[in-house]
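I have a structure here, written as structure tokens, and I will follow up with some questions on it.
Labels run A, B, C and D following the written order; every chain starts at residue 1.
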Amino acid sequence: MDRSRLEAFSDGVFAVAITLLVLNLTVAGPGHGELIHQLSSHWPSFAAYLISFFVIGIIWVNHHVLVKTFVVVNRLLLFLNLVLLLFVVLIPFATGLVAEYMSAYLAHTSGGGDVRLAMALYSTVFLGMSLGFAGIFEWTLHGERVANPVPPERHWAARVRFTGGSLAYVLALVVALFNAIAAFVIIALIAVYYIFENTPASSAAHGAPGEPPAPGSPDHDHDHDHDAPGT
Amino acid sequence: MDRSRLEAFSDGVFAVAITLLVLNLTVAGPGHGELIHQLSSHWPSFAAYLISFFVIGIIWVNHHVLVKTFVVVNRLLLFLNLVLLLFVVLIPFATGLVAEYMSAYLAHTSGGGDVRLAMALYSTVFLGMSLGFAGIFEWTLHGERVANPVPPERHWAARVRFTGGSLAYVLALVVALFNAIAAFVIIALIAVYYIFENTPASSAAHGAPGEPPAPGSPDHDHDHDHDAPGT
Amino acid sequence: MDRSRLEAFSDGVFAVAITLLVLNLTVAGPGHGELIHQLSSHWPSFAAYLISFFVIGIIWVNHHVLVKTFVVVNRLLLFLNLVLLLFVVLIPFATGLVAEYMSAYLAHTSGGGDVRLAMALYSTVFLGMSLGFAGIFEWTLHGERVANPVPPERHWAARVRFTGGSLAYVLALVVALFNAIAAFVIIALIAVYYIFENTPASSAAHGAPGEPPAPGSPDHDHDHDHDAPGT
Amino acid sequence: MDRSRLEAFSDGVFAVAITLLVLNLTVAGPGHGELIHQLSSHWPSFAAYLISFFVIGIIWVNHHVLVKTFVVVNRLLLFLNLVLLLFVVLIPFATGLVAEYMSAYLAHTSGGGDVRLAMALYSTVFLGMSLGFAGIFEWTLHGERVANPVPPERHWAARVRFTGGSLAYVLALVVALFNAIAAFVIIALIAVYYIFENTPASSAAHGAPGEPPAPGSPDHDHDHDHDAPGT
């Protein structure tokens, strides 16, 4: 198993999952009221589409930044990568649940318990994805598996960073049990944060050891315009 | 993040989005009238399929022409690329809306307001895609990010070209608010124009600076048969 | 536009289209009679799945054999390739039509006219795909576009070969207007023929000029086990 | 046909098939009882998703391990590969059948005969996939087609290994005819076994001749962390 085919298969799953999100965008169609009302009553579908799209996009970026540092591909890594993809593939399902139950809740055709459960599942899928990514990162801390390993004395600092990313989803999960809309806002803010976040976190992927990329954070190691693209 | 994986992920999204268009081609099936009548009353589905297929195909060609000039891949570019893909993924949804409401309108089972709104959304998605592509082009005008940058004195000429492409979709959007079929014809004509257009626009991608590829226009820099293909 | 991204995008479309065929395999589910009866009454769905799967698989093989001979990629070729893919994407739709109307016809819930029309459309989509592939082949006959061009004096012999492939689908189309099951058998036989056909047709792709690969025929230029795979 | 495009197309099919599994995860939605009950009554959907996801993931790993040893790609191989993919594409359909009929059976809305048939089909699809993979392995035993061929005197030992993999699915198929849940457990155990199995089986792919990778088993040849990844 070489790195390139790991990337090709993962890219395929990311691309299909991100595109399948569109299947959750549906309206009942002609004969079910004016289109403008159908669309406006389904605004949670569009909000959930936006959030899930960027979450998958961000994790794709991070996946690549991390994978390109690997000098080793072993059986455990492939299994950890499958766990990550398992949750990525679940995102369109969880997005659809949130879209449907949030819309129904706002239209008073579904109770608050259901929408809170849907939002908790949505948080859980993102949490699982975050933990799957953390698992791959943990794998890089052992053996001589990456080009620029994090030195042992900084392992815990790196793990804390990762824990932070996952804890944000744990927070969303807990909030979801009490208030679905608040949890939705938190999940949206996490995505926005990772789009704009700009820390030295990517140095691990770049050469300077000791700072892992944050889980779910964008590609920091190309903020310098003169990086030559690889091939 | 190297250029090749940006291409691989984008190609995956383009390929899945263009193929998902087929899911909008459905008939009610046996027991819902003769098949010939079902198909003929759904001609807008087939027209919308054709248009959307070629629009995605053309934007894919342009995406590649532009991307292959990049010597830098940074965080901002990845975000801009995600914005472009966000609208590409919406195309099957907007295509389905137009297909459904245009068919219903022609069968007098849906009002004119709904079909005009559907067509306006269809125009808006294409406009968003066009602006997303323009954003990536704007990115190439700054720093030393492409192999053959447009010289500063020609930036505005280049931007005007791009504005032209987006303005055509703005026109379709405005017309859609008054006459859905006229807007449909305009969108179809834009696609046909870009299929056959043959300008020196691709020189920027080729080496001669100063002329960007038009947004949504086909690959002009391979009109000379003796270009050697890359690998 | 280099050859590799043309291949990547086309491969993506082929892979998605071939996998979307599975969406036509559905049963009504629990509460709609015994599963064994649901499955057996839908045998045309499985037969159509098998045929369409191998037709897409074969055309994918031929596409690659032809594309790897290109030394030039121009705008016209990209357009012709989009026309080919346009019909490939339609295959899951046409397959679904045949599956549904053939099953309904056998269950006496749909008339013979509908199933004949569905089969005619199925034949037409394959004919369009065959013509799209012939268009790409015709493109290779002009200019210096391929590594081993067919010499001019053999152009017509090559075209006749291609015409033969398309004529088989024309025959299926004409027969479909009179007898859907006979046309179904013809289409199946064409697929079987191309799976087992073993002619010197691939020499054009291999080095010896003058013999184009037959449209829809498998990859003949690797019958010799000692061919070194490319990279 | 070179090896790289065989991999690209196969990777595309694997990635789409594994992602389409998510389409089987649906709930009836608002107005059909509490979400928690809908989800809990559909636990077989989630169990089947998990199993099918890992089975496809494992076969993808093995496919790559075997393919990268090929020094030859011929027509027969392409046909055998299509047979393997034919069954891979069927997995989402068979997974959906099991999910639906197992859930209905547990809710006493469907008889035991139907769920046993669904489980038998599920086993059969996996068996077909296993045999398709065995066919590709058998192809490697003849001619000089792989880098490190299994020596003739060990062919039968290698085949026995493969037969073992397929026999496990035959067992599941036979058990399914009597007890669907027991067969489900067996199929789950086969997947778990292959995730954790750690034998010298991958030596054939690595250089030491004579031990083929087990069908469906993970990538054993990268258990040594210092393997350099290929490109």
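The working rule: contacts are C-beta pairs under 8 Å (C-beta built on N, C-alpha and C of every residue); 3 or more make two chains touch, one makes a residue touch a chain.
Please read all numbers here as calculations on a predicted model, not as lab measurements.
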> When the Cα trace of subunit A is superposed on that of subunit B, what is the rotation angle, expressed as a multiple of 5 degrees?
Replying inline: 90
>> As a test of understanding: of all chains, whose mean C-alpha position lies farthest from that of subunit D?
In response: B
> Does the subunit C and subunit D pair touch with the same residues on each side or with different residues, judged by whether over half of the numbers are shared?
Replying inline: different
>> Can you compute the centre-to-centre distance for subunit C and subunit D, using the mean CA position of each chain? Integer Å is fine.
In response: 27
> What whole-Å value do you get for the distance between subunit B and subunit D if each is reduced to the mean of its CA atoms?
Replying inline: 38
> Which positions in subunit A touch two or more other chains at once?
Replying inline: 8, 11-12, 15-16, 20, 23
> How about subunit C: which of its residues touch subunit D in the complex?
Replying inline: 7-8, 11-12, 14-16, 18-23, 25-27, 29-31, 34-36, 39, 50, 53-54, 57, 60-61, 64-65, 68, 195, 198, 218-231
> Given the complex with subunit C, which residues does subunit D contribute to the contact?
Replying inline: 1-5, 8-9, 11-13, 15-17, 20, 23, 70-75, 77-79, 82, 85-86, 89-90, 92-93, 96-97, 100-101, 104, 109-111, 113-114, 117-118, 143-145
